[in-house]
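Provided herewith is a single structure, encoded as structure tokens, for subsequent inquiry.
Order as written gives the chain letters A, B, C, D, E and F; numbering starts at 1 within each chain.
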Amino acid sequence: MKISARNVFEGEIENVEVGAVMANVKIKIESPELITAIITKESVEKLDLKKGDTVSAIIKSTEIIVGKE
Amino acid sequence: MKISARNVFEGEIENVEVGAVMANVKIKIESPELITAIITKESVEKLDLKKGDTVSAIIKSTEIIVGKE
Amino acid sequence: MKISARNVFEGEIENVEVGAVMANVKIKIESPELITAIITKESVEKLDLKKGDTVSAIIKSTEIIVGKE
Amino acid sequence: MKISARNVFEGEIENVEVGAVMANVKIKIESPELITAIITKESVEKLDLKKGDTVSAIIKSTEIIVGKE
Amino acid sequence: MKISARNVFEGEIENVEVGAVMANVKIKIESPELITAIITKESVEKLDLKKGDTVSAIIKSTEIIVGKE
Amino acid sequence: MKISARNVFEGEIENVEVGAVMANVKIKIESPELITAIITKESVEKLDLKKGDTVSAIIKSTEIIVGKE
């Protein structure tokens, strides 16, 4: 299945910590990746984002889906 | 500022494409990273996730925040 | 109250499992529904999405809000 | 690939509307489904959610990923 | 309808900017509010979060649903 | 660091409740704020949203990131 999510990174699980309802999974990504971020035009202008800028991609851990073959 | 988001990846912007309201930003991550994913205990059991498994971290591009110094 | 969220599905709770902070709620949807998904133009092109295609709508359980009259 | 997202609904695309950066995709789900929602224990208590309650599952359209075989 | 979302803030629309698919809506909140954030235990420990700390609540604009009576 | 997230509200932590994996953090926002919401054009039309309307901004608590200097 191909999916619309633009960011799919392969890696190896380093740790799984399980609670009553939720779990915390650590995945070691094997290689550098290209990340696609959709943000507002307003943010591009306020932060003056342009090719070559050094930036951070910030992702809350609850937003990540895990896939396994 | 330190933030609660467990995933903060540094990289360089490769491309910015701007629409009327939204924009698509491509960021090249410079090095492999450890990703933290919070998923249900139910998923850990159904996918039988454990240390050493090869998995994918899947992230929709609308979930990514961009930071710049 | 009318809300901007395009997807509001009625159903009956089948199960509630409560942890220390979070809870897992199962809801049986009573009838087929039309789902609205906002994705990138890039994904529409890469997956060649068009009217009549058989697809899956994938939703992480942390993204769902529950409403009750 | 099996994925941790608890909600995967099959359906047929009814319409695709493409903008400069984003697109709006309508998917007709073919059969009733069981939805898994992760919410706070606090909400379960404040809304007094229990088996048999009639509720709504509310999902913002930006949270939905589309998959295609 | 009561909803599980813990954060519902009343306000007045200051501006609406409409694109091809998406729109940017500015809402002026009328009074200070109590925000509920669900984060990892790991983040509470790494940031040493405790009663009385001055912090910021950071919310991406795509995560906000608008309701109107 | 400046971030693309349009909503950054300062406040004081009123309470922290920690579970096995997740935690619930209450933050008292000190002053009224302008909220930016990105929704579909379709929702703007269906709810007839315009300057001066009284509306609610609805945010699920799992979507909030906490920052601390």
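Convention: a contact is a pair of C-beta atoms (placed from the backbone, for glycine too) under 8 Å apart; a residue touches a chain by one contact, two chains touch by 3 or more.
According to UniProt, the chain labels map to these proteins: A, B, C, D, E, F = TOBE domain-containing protein.
Every value quoted in this text rests on a predicted model; they were computed, and no experiment measured them.
Q: Would you mind checking the shortest number of contact hops between chain A and chain F?
A: 1
Q: Roughly how far is chain B from chain F, going centre to centre by Cα mean, in whole Å?
A: From the centre of chain B to the centre of chain F is 20 Å.
Q: List the centre-to-centre spacing of chain C and chain D in whole Å, with centres computed as mean CA coordinates.
A: 1
Q: Using the touch rule from the top of the page, what residues of chain B touch 2 or more other chains?
A: Within chain B, the residues that touch at least two other chains are 1-6, 18-24, 36-40, 42-44, 47, 49, 56, 58, 60-63, 65-69.
Q: Hey, how would you classify the chain contact layout here, line, ring, star, complete or other?
A: Its topology is that of a complete graph.
Q: Quick check on the complex: what are the chain A residues that touch chain E?
A: Going by the criterion above, the answer is residues 24, 38, 40, 42, 61-62.
Q: Where on chain C does chain F make contact in their complex?
A: The contact residues of chain C facing chain F are 1-6, 19-22, 36, 38, 62-63, 65.
Q: Provide the residue numbers of chain D that touch chain E in the complex, in ascending order.
A: Counting only chain D, the residues touching chain E are 17-24, 37, 39-40, 42-44, 46-47, 49, 56, 58, 60, 62.
Q: Which chain B residues qualify as touching chain A in the complex?
A: Listed in rising order, the residues are 3-16, 18-41, 43-44, 47, 49-69.
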